[in-house]
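Dumping the structure here so I can ask a few things about it.
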Amino acid sequence: MTNEIYIILDLIGTFVFAVSGAVAARQRGLDVFGIFAIAFTTACGGGIIRDLCIGAIPPTGLTHLPYLLTALAAAVISMAFYSWVNILNHPVLIFDAVGLSVFAIAGTRKVLAFGFNYEMAILLGITTAVGGGVLRDVLLGRVPVILRREIYASAAMVGAAIVVFGSHMSYDINITSAIALFICFGMRFMGLHYHWNLPTFGIRKK
Amino acid sequence: MTNEIYIILDLIGTFVFAVSGAVAARQRGLDVFGIFAIAFTTACGGGIIRDLCIGAIPPTGLTHLPYLLTALAAAVISMAFYSWVNILNHPVLIFDAVGLSVFAIAGTRKVLAFGFNYEMAILLGITTAVGGGVLRDVLLGRVPVILRREIYASAAMVGAAIVVFGSHMSYDINITSAIALFICFGMRFMGLHYHWNLPTFGIRKK
Amino acid sequence: MTNEIYIILDLIGTFVFAVSGAVAARQRGLDVFGIFAIAFTTACGGGIIRDLCIGAIPPTGLTHLPYLLTALAAAVISMAFYSWVNILNHPVLIFDAVGLSVFAIAGTRKVLAFGFNYEMAILLGITTAVGGGVLRDVLLGRVPVILRREIYASAAMVGAAIVVFGSHMSYDINITSAIALFICFGMRFMGLHYHWNLPTFGIRKK
């Protein structure tokens, strides 16, 4: 039961991240293949980097067909219903927050399950959640938006840290994960709703 | 005999990809070392990413001296005969299509030979063929040209898919590879000759 | 004793590279989290790429807490004493040259210690030294500065080559390393002092 929820949430995250990649790629004028490629990279890139770093060969994102199909479906839907995606911008941001939270918690759990230490679990939990978006922005020639503003990677970090803390205290992993998911999502949602930003240091010099 | 043809085609692909890297790096004003670095990365980057993903440690591109020497020779020649390279633009594009085809087919075969599934073989076959060019463009601060226009990565995908299909049907790998090479090269060549592009969605918004 | 010197030099390199990342990230207007992320990536990115390529899982940069703490401390200090960092620009460049040298030599030694060949040792020695800076510039949307001008990666290459030569001749590794460190640092220092640049080919066309 719990596992099924995670699989569904995981595919929701994959779908929404792929939508964000496809929309950004279309705005940059990429062709159909480029849109597919960016959608897939945004959805699966973070997990692939994590798997390379923990030695999980082959990376799940490259061998598990549901991920690829979900990403391709998301790209097709984004292209076919582009004007709707813009109208649905707010719901998409909500699902994106779901994806962020699920990827952060699932990534952290996978690193711990492979027996690596807490530092690695937190760093790669964040990487799982934000790596795809960073690759998307780098490939599209933009400074990664998640490094520039808003509560985003920091929500992933808090989620990952809660999972690690729960693991250290030997709490039930499912309960800890649910709490981490809720807090990570809540931080991101509140950040969106109230336009919270992390502090910066004045004007951007180019 | 067949093997020798592949080794020669492989080095031709390495050479031509390195030329494209060196020319682009020179146009961006990089210094001599930067030109070497971009030439080598363009030629060997796709294969190195593939090898990391399939756990083929050490990656061939980093240990097999002929690749490095071919890439360096290509960079030297590009610098010494720069005006010729521009005149030879058309032949270079033809050789580039050869490199694309050989890298796609050789990459797909290597992934299958390591025992991974079809999805991974196709995804990493494409990566082998276009990964170096993507790295080149990212390092030079451009949106990867292969994601923006033309039949390029899609030709690599078709080539990889033919190899996978042939492997699934247990056809002779050398015959399948030859057909895949021919079709991949043909798609790219026709695309160049007739200026075929994949569809995009209108103006690029920055 | 010798080992302790290397650990100290290694942490100095980590610190200085993290400072360069934090300063560049702040100039680009990144938020606090982004500044931490770029500082850590600049300091540890080269070593992580090297470790992935030699199969040293988990990568030291992700599991060894002193690196993370040093990078975070460097980011905090860069933010708190930003105006000082500018005044201290010249000393920072000197320490950066120390970091470059230590990372090149330590990276080369690690690859040799893992039993890989000379080509790989030199290529990944350079990668260890300059990989973090390249990632920093790519993430900040700049063409990597080390590929554009100055004696930088070429100094790392000379340092790596000296270590490999010493290993091939079975010279004492500590003496060879000291010589390599001295020459690599010297090249970079002279390059800075006399504004030496590697040759380029005229105007940069965008």
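In this document, chain identifiers A, B and C correspond to the written order of the chains, with residue numbering beginning at 1 in each.
Simple rule for what comes next: a contact is a pair of C-beta atoms (placed from the backbone, for glycine too) under 8 Å apart; a residue touches a chain by one contact, two chains touch by 3 or more.
The chain lineup, named per UniProt: A, B, C = Trimeric intracellular cation channel family protein.
On a predicted model such as this, the values are computed, not experimentally measured, just so you know.
*Asks:* Graph of touching chains, which shape: line, ring, star, complete, other?
*Replies:* Graph shape, chains as nodes and touching pairs as edges: complete.
*Asks:* Interface overlap for subunit A and subunit C, more than half of numbers shared or less than half: same or different?
*Replies:* different
*Asks:* Rotation angle for the CA superposition of subunit A on subunit B, to the nearest 5°?
*Replies:* 120
*Asks:* Can you work out the whole-Å distance between the CA centroids of subunit A and subunit C?
*Replies:* Once rounded, the distance between the two centres reads 30 Å.
*Asks:* Considering subunit C alone, which of its residues make contact with at least two other chains?
*Replies:* 52, 55, 138, 141
*Asks:* Any idea which subunit B residues touch subunit A in the complex?
*Replies:* 52-55, 116-117, 119-120, 123-124, 134, 138, 141-144, 146-150, 153-154, 157, 197-206
*Asks:* Would you mind writing out the residues of subunit C in touch with subunit A in their complex?
*Replies:* 25-34, 37-38, 48, 52, 55, 57-59, 62-63, 65, 68, 79, 82, 138-141
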